[in-house]
Amino acid sequence: MAAAASQGILGDDMKADREQIVEMLVKAYFMELETVMSYITNSVNPDGIRAREIVESLETDIQEELGHAQQFAARIKELYGVVPGSQQFSAEQSFLQPPEDQTDIAHVIRGVIEAESGAIEHYNAVIEFTEGRDPVTQDLVIAILRDEEGHRRLFEGFLREVEGPGGA
Amino acid sequence: MAAAASQGILGDDMKADREQIVEMLVKAYFMELETVMSYITNSVNPDGIRAREIVESLETDIQEELGHAQQFAARIKELYGVVPGSQQFSAEQSFLQPPEDQTDIAHVIRGVIEAESGAIEHYNAVIEFTEGRDPVTQDLVIAILRDEEGHRRLFEGFLREVEGPGGA
Amino acid sequence: MAAAASQGILGDDMKADREQIVEMLVKAYFMELETVMSYITNSVNPDGIRAREIVESLETDIQEELGHAQQFAARIKELYGVVPGSQQFSAEQSFLQPPEDQTDIAHVIRGVIEAESGAIEHYNAVIEFTEGRDPVTQDLVIAILRDEEGHRRLFEGFLREVEGPGGA
Amino acid sequence: MAAAASQGILGDDMKADREQIVEMLVKAYFMELETVMSYITNSVNPDGIRAREIVESLETDIQEELGHAQQFAARIKELYGVVPGSQQFSAEQSFLQPPEDQTDIAHVIRGVIEAESGAIEHYNAVIEFTEGRDPVTQDLVIAILRDEEGHRRLFEGFLREVEGPGGA
Amino acid sequence: MAAAASQGILGDDMKADREQIVEMLVKAYFMELETVMSYITNSVNPDGIRAREIVESLETDIQEELGHAQQFAARIKELYGVVPGSQQFSAEQSFLQPPEDQTDIAHVIRGVIEAESGAIEHYNAVIEFTEGRDPVTQDLVIAILRDEEGHRRLFEGFLREVEGPGGA
Amino acid sequence: MAAAASQGILGDDMKADREQIVEMLVKAYFMELETVMSYITNSVNPDGIRAREIVESLETDIQEELGHAQQFAARIKELYGVVPGSQQFSAEQSFLQPPEDQTDIAHVIRGVIEAESGAIEHYNAVIEFTEGRDPVTQDLVIAILRDEEGHRRLFEGFLREVEGPGGA
Amino acid sequence: MAAAASQGILGDDMKADREQIVEMLVKAYFMELETVMSYITNSVNPDGIRAREIVESLETDIQEELGHAQQFAARIKELYGVVPGSQQFSAEQSFLQPPEDQTDIAHVIRGVIEAESGAIEHYNAVIEFTEGRDPVTQDLVIAILRDEEGHRRLFEGFLREVEGPGGA
Amino acid sequence: MAAAASQGILGDDMKADREQIVEMLVKAYFMELETVMSYITNSVNPDGIRAREIVESLETDIQEELGHAQQFAARIKELYGVVPGSQQFSAEQSFLQPPEDQTDIAHVIRGVIEAESGAIEHYNAVIEFTEGRDPVTQDLVIAILRDEEGHRRLFEGFLREVEGPGGA
Amino acid sequence: MAAAASQGILGDDMKADREQIVEMLVKAYFMELETVMSYITNSVNPDGIRAREIVESLETDIQEELGHAQQFAARIKELYGVVPGSQQFSAEQSFLQPPEDQTDIAHVIRGVIEAESGAIEHYNAVIEFTEGRDPVTQDLVIAILRDEEGHRRLFEGFLREVEGPGGA
Amino acid sequence: MAAAASQGILGDDMKADREQIVEMLVKAYFMELETVMSYITNSVNPDGIRAREIVESLETDIQEELGHAQQFAARIKELYGVVPGSQQFSAEQSFLQPPEDQTDIAHVIRGVIEAESGAIEHYNAVIEFTEGRDPVTQDLVIAILRDEEGHRRLFEGFLREVEGPGGA
Amino acid sequence: MAAAASQGILGDDMKADREQIVEMLVKAYFMELETVMSYITNSVNPDGIRAREIVESLETDIQEELGHAQQFAARIKELYGVVPGSQQFSAEQSFLQPPEDQTDIAHVIRGVIEAESGAIEHYNAVIEFTEGRDPVTQDLVIAILRDEEGHRRLFEGFLREVEGPGGA
Amino acid sequence: MAAAASQGILGDDMKADREQIVEMLVKAYFMELETVMSYITNSVNPDGIRAREIVESLETDIQEELGHAQQFAARIKELYGVVPGSQQFSAEQSFLQPPEDQTDIAHVIRGVIEAESGAIEHYNAVIEFTEGRDPVTQDLVIAILRDEEGHRRLFEGFLREVEGPGGA
């Protein structure tokens, strides 16, 4: 237990790593915020009975994703970063914009899968980078990754049906 | 009670008015969404004891403002509109970006007052326009206006102290 | 503020208006009661997976509609009217009787839309009539109108799918 | 345990009995629905301090009776019957219509006792008929009978006082 | 939407109206406070079984009326007024002072009706004045008016019985 | 009331009947345990939107069926029996094993109906045998039979749709 | 369904049976009341660690047994009987009086078993007598019998240990 | 602070006082137990609307009085006494036996007042005796005395009305 | 234990003392009522961040002080007194009137301390007078005194800071 | 009621008494804190089935004793004392250190009794000293004494068994 | 961060590892299911006071272990595996079958320890294998391992006592 | 997966590591206990408005830190260690002793930061040591580290303000 390591990721000796993690968290923060926005949109617009399952699933996730965003924001602060303002936000989820036809749920399902895949990819990278560097951030991101993996798996199941012989 | 009026704002005869209201609600929807974003930022960044009151007040409001956004989204749908996607969002609250110095709470207070003033102005316009046209939307907006007026008043009180002789 | 107006709708000078409102509320009261009856029927009879969403939606609404009926009854009493007995009830919702085939959910969906449209029409008339005469009744009816509009919109979405190319 | 008996009341061999039970349950279903209607009426109309006990008792029972109706509806469905629509409803409780004078609580008390007596009579018949045929329906009806017996007993006590020397 | 109207009742252009509303709210505030006081008194003093219904009704209302007072106080503040202190309070409800005989509940019932009538009159005036001027205050007062109308109606029913042939 | 009968099913004179009931309860116990197992499997494996209703229904039933198993175990103990261990368990529900294709929900629905039919048959036999012998066990089994009948009826409705012209 | 049977146990034709049942319920009522008393005594007096399980079990049962007594009292009233006063109570549970030595828990265990056995015997007799006469009372007593059987079984298990080679 | 006084009422030097207090608590314990019994009786038997207030008041008190009994029992144990068994109970409340006529509520009211007066007298004696000797018991009894005084006062109010010119 | 003392403070022999206590309680009752009024005023008017702590503390206390007032009222009734009406109220708390400037929180803090000091003084007097005369009232007032002492101490701490070198 | 006594224990005239009480409370505060520490230790270490009752009892008490410590701390502050820091803590409970063998529960039981006896002795002294000087502190300590007496009594019962012929 | 690693364990490049983990999870899933079964058996069968602690501990764990099984099932699905059906279950816990004598709790205790040891061994292997491969599964298994370690430790303590000189 | 590793940290082959971890946990345990003590002291002593935020923050943390201590104690036991008694406690937090002046909150803030820094350092060492040795302890300590990092960050923000130009 050398003195240099004693404050962990908060120590002066780890400043560069810390700033790298903050940067990754800022990206994660905006991903979650945009997901909140996209899920509100897609939990209100779709029409039809079959759409209800998707709508209810997304409605439930809005709170969960907002919670993720707030956890990322808090961790940014703890690592001596600054949470960015709304002017630094730029939309990335072109695949989750409302479709032409509000009964086209395959569009929504594919959009959700793409969004979750992006998140899974980024969170795996964060987990890898924080290994041995910042166990607290790693633990937080593993827990969030678990939510996203489960969510994508559910929508992959939806897609299988929708794209099957009897799909829309 | 002429036939033309019987379905109220949902009737075919009121299509133009309805589309006008949808447009106003879309604007309101994005105002509330940006406020959610700004309040997360400003409930995490500020440092200091005095900042706690502001931080706690904003933290509580995040859920309230998200609720407003979801109510606007639902009403847009009911009026046969389409809730827009994240790519149509563009940040307006230049006054609520994080300040240089995280103990500069006067910056945050002034930003909140400006945001609330913008909302109050827009909601007064919606209330005026819906008068005699769409009592359901009007009722919904009056209730939200009440929250915003109370909130601005609280921050005006904060500002008075902060800008006073003993202020920061 | 003339003395004659001081007790509002409860004043002697407004007796004729008050009796007119009571009559409208009696009609509303029986509409809601019949809806309770129809929704029990249609939340139990339908068979099939797709019917579950409709069934669950109607089950939830039974309590809501009963609440509406009780609010109308209470307001009739407050306006010095008498809530009518069961012998004055006569069924009007021919469109919500059980279909031949219990998997015919399009029948149920169309019935719900027709019932809600009738309610929306009547409530718009009450809101118009009470304007400037009885703000308490007006406020109460606006809140109920909001529920009915949201409910009809949901079933219109169901209908779109059911009547589409892949519908039943 | 002969094969014929193995599915109990749901078996093909018991179709005639089952249809007889469904018929009895349909009657019970409409009795409970009318009671809901009558109890709303009589929990709102009566005036006076003494009427409060009756009013509060009926208010509480509205939910209970609605629950009975929903249990009957569900059992009709389970026995392969169809829950009837509102057009098959016809009012029977002439004794529970609103009285001339809203302080005439003896009228209400007598009406409740008559309604409960009708229910008790019918439910005893159902219990007798289902004995050895359909234990599930029997168990359900015994539990409901218990409620009705307790309720009638309470109102008989009220009647004794009201009809006594110091009664209204 | 002229600039002058954009901040609604909070705008500088509406200062005179705002001060008028504040004045009306101050009066309403003291009416509710005195009602709290009177209802404590009259929920404790009366003796007898028949008095229990009145006592329990008033006990429940104490919290409700206190809530009204606090809502009025908050609205005064939001409209840039100052909530007055206890020295500006002066008792008005001569009709709700404790009677000679604590079993004289007719005295209490009449007092409550008179208090509620005063409130109804004043709130109708506020609703009329705020029409088109301050929808938030109007909405708040309509909701409170509803409580008061329901409450007076209940006590009118009590009075009918008490003053009838068999009354005290 | 002869002395020999006074302790009911717990008396020495009823030992043979008691042992017969214990045997029937042991069978019931293992049926419920296997159902728990099968419902976990079938509430996790199926893919697709339409499968959600089945999945959610089974998920809810897991707790209910476990409760049934625990009630049977407790009753076995009360009747001086011994609850068997896991080595005496042998799987019987060949019809509820996972299908080849996880979107084949007709397979699952048919499996549930078959499982419930087996339970209904066995419980009817227990009810018949306990008649006049052990009212406590009979009452317990009637209540459980009610759950199973309702559950089978729901899945029969699902099957009707799935096997219909538009089914999978 | 002869007219004479139509009101079930509440009909005039069943007066003699009803009075017999009331008598049995009065006995049951006093048995439960004495058990309440004995269980308070025996949940407070015993000393020692081993006694804790007995004490906690009895403490929990006090409320349950009081509930039984209140249910019996209510049923007596419903059957037109009169609940007796305290002067008609006479203690019967000689076996549940406090022992010489407060660590003698075998004494308490044997007392509880004897009390429960008495109750089981009496409740079996009531169930037998009410068969075909009064299904409501029968149902109520079966449910209570179930509690008592479970309770006795638990204490028989305690006794086995206490009287075994390593017992007190 | 002499050594002799250091363990307070639990010290050996205070054995005589302690035994005196135990004796007083045993009496209090049986008073409360008999009250439980009498209140069950009198919360079930009375008929009539007016009786509802008394019935509901006594029903609520059953749990309170049982709680008092359990507190007395626990304190007896803490003071090294033994809680007596049911055979030492002997009924004293001749005034709370059921009246001839179940609508004679004056009988019940007078009985309650007499029971409460007896309790108040005894508890004043305990408070006086424990002064300076056993502050824990004193504190416990003062709290119970408060309940009993409030209860008697309520029934004195009932009596005033019942015995007045319009009483039963 | 002389007969004269047996009913404690409720006995005829203690009438003079009782009337003296009632008088003291009436004064306490009005003190608490005025405090409710003053705390509403002072929990709404003050502006500024620093004022939030005071505002929140007073808001919480409103309910507590109202509870005190209601306890005093109930005790007055129990001691055969009459709770006075609003016309006997006269404001005493000149020190808690709203200040000129709503950011002058030192004014509010000093006012609260003065109000609490007055209450503490009066309650000490009541405790002294009731010693050996009315333990129930004494116990009630000690509990309230505890609240007031804690509250004053908190505001003394506030004052120390506000009046210090860096104070307002 | 001389002026000097009017502020009770908080008055300047009682400074010496107050400081004496503060000193006693500081001792009580540390006693409770050490008990928290000892109870954590002894609720985790012991092995065995018999130890479960002791372990569960101590686990529950940890929160209770912490609450006592916090109440003492708050009262020290109210009496113008200063709550001491951790460096002034010195362990006294030699009898509650972990035993050699973790199944030696007699060691733990004796330790708890000794700790409670010490507390009872000290609290009796505080009660005696505060008599007529500081009723608020006295009331608080009586309530805590009650907990400790009950707790010691329970463990004395445990000891009796453990030290008996069949004890460990 | 090579592209191949970006989807983590869900990526195509990790298929072999994923299938290995699924296999390990299937084994874990059946271990937990059998534990549910064994704990029901062993929470019902044992007789005696000492057995209560074991019985209550196992009862609580049933839900916990079922939750573990459901978490394993969900994770199998997320990793593209199939949850096996009941026919693939084969009992392994020979040590948790019911003993000859239902008071032989040493048998139960040893069985629980053996079952937990098997689980601990397997979970350690899963944790080791998932290291650096699948952090989500690893995190989930660590949390479950923690429960099992705590549980085994508790039963080891029980065993120490039971096998000691004074054991059964 | 060699046999030696199969029981993980609980295996005999890891005894030395396990004892090392126990030692580290004992240190952690006492750190948390002293923090509980220090936070009680510092949540009661400070005076002033500004101190409220610190006081409320520490009050909330008392429960959290006690929970940490109990988790460490439980883990020590699971790893076959012995939780030490109070005599092994020795105070280390010289920086958290009460200051001279109770309005000196900078002293408290600095003390909290120093305490949290000590904890962060020690927990980082535990996490590092348990890596690959004891995942359960590691997981537990990471979760606690997260709390401590968040807490220190908050107080660093406080310090920045307090030490700034306008600080105390």
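Chains: A, B, C, D, E, F, G, H, I, J, K and L, in written order; residue numbering restarts at 1 for each.
Please note the rule applied: a contact is a pair of C-beta atoms (placed from the backbone, for glycine too) under 8 Å apart; a residue touches a chain by one contact, two chains touch by 3 or more.
What you see is a predicted model, and the numbers here were worked out from it, not measured in a lab.
J.: Which of these pairs, F-K, D-E or G-J, matches C-D in more than half of the residue pairs in contact?
T.: F-K
J.: If I rank D-E and H-J by number of C-beta contact pairs, which comes first?
T.: Looking at D-E and H-J side by side, H-J shows more C-beta contacts.
J.: Taking the mean of the CA coordinates per chain, how far is subunit I from subunit J in Å?
T.: A distance of 32 Å separates the two centres.
J.: What's the distance between the Cα centroids of subunit A and subunit B, rounded to whole Å?
T.: Distance between chain centres: 25 Å.
J.: Report, in whole Å, the distance between the mean C-alpha point of subunit F and the mean C-alpha point of subunit I.
T.: Taking the average C-alpha coordinate of subunit F and of subunit I, the gap between them is 64 Å.
J.: Listing for subunit I: what residues touch at least two other chains?
T.: Counting only residues that touch two or more other chains, subunit I contributes 50, 74, 77, 102, 139.
J.: Which two-chain combinations qualify as touching?
T.: Touching chain pairs, listed by label, are A-B, A-C, A-F, A-K, A-L, B-C, B-E, B-I, B-L, C-D, C-E, C-F, D-E, D-F, D-G, D-H, E-H, E-I, F-G, F-K, G-H, G-J, G-K, H-I, H-J, I-J, I-L, J-K, J-L, K-L.
J.: Show me the residue ranges of subunit E that touch subunit B in the complex, using the header's touch definition.
T.: 1, 5-8, 10, 74, 77-78, 135-136, 139-140
J.: Over in the complex, which subunit L residues touch subunit J? Could you list them?
T.: Residues in contact with subunit J: 33-34, 36-38, 40-41, 44-45, 62, 66, 69-70, 73-74, 76-77, 82-87, 89, 91, 93-94, 96-98, 102.
J.: Touching residues of subunit B toward subunit E in the complex: what are they?
T.: 117, 120-121, 124-125, 127-128, 138-139, 142-143, 145-146, 149-150, 152-153
J.: Which stretch or stretches of subunit G touch subunit J in the complex?
T.: Touch residues, subunit G against subunit J: 46-52, 102-103, 168.
J.: Along subunit E, where are the residues that touch subunit D in the complex?
T.: Those in contact with subunit D are residues 50, 53-54, 156-158, 160-162, 164, 166.
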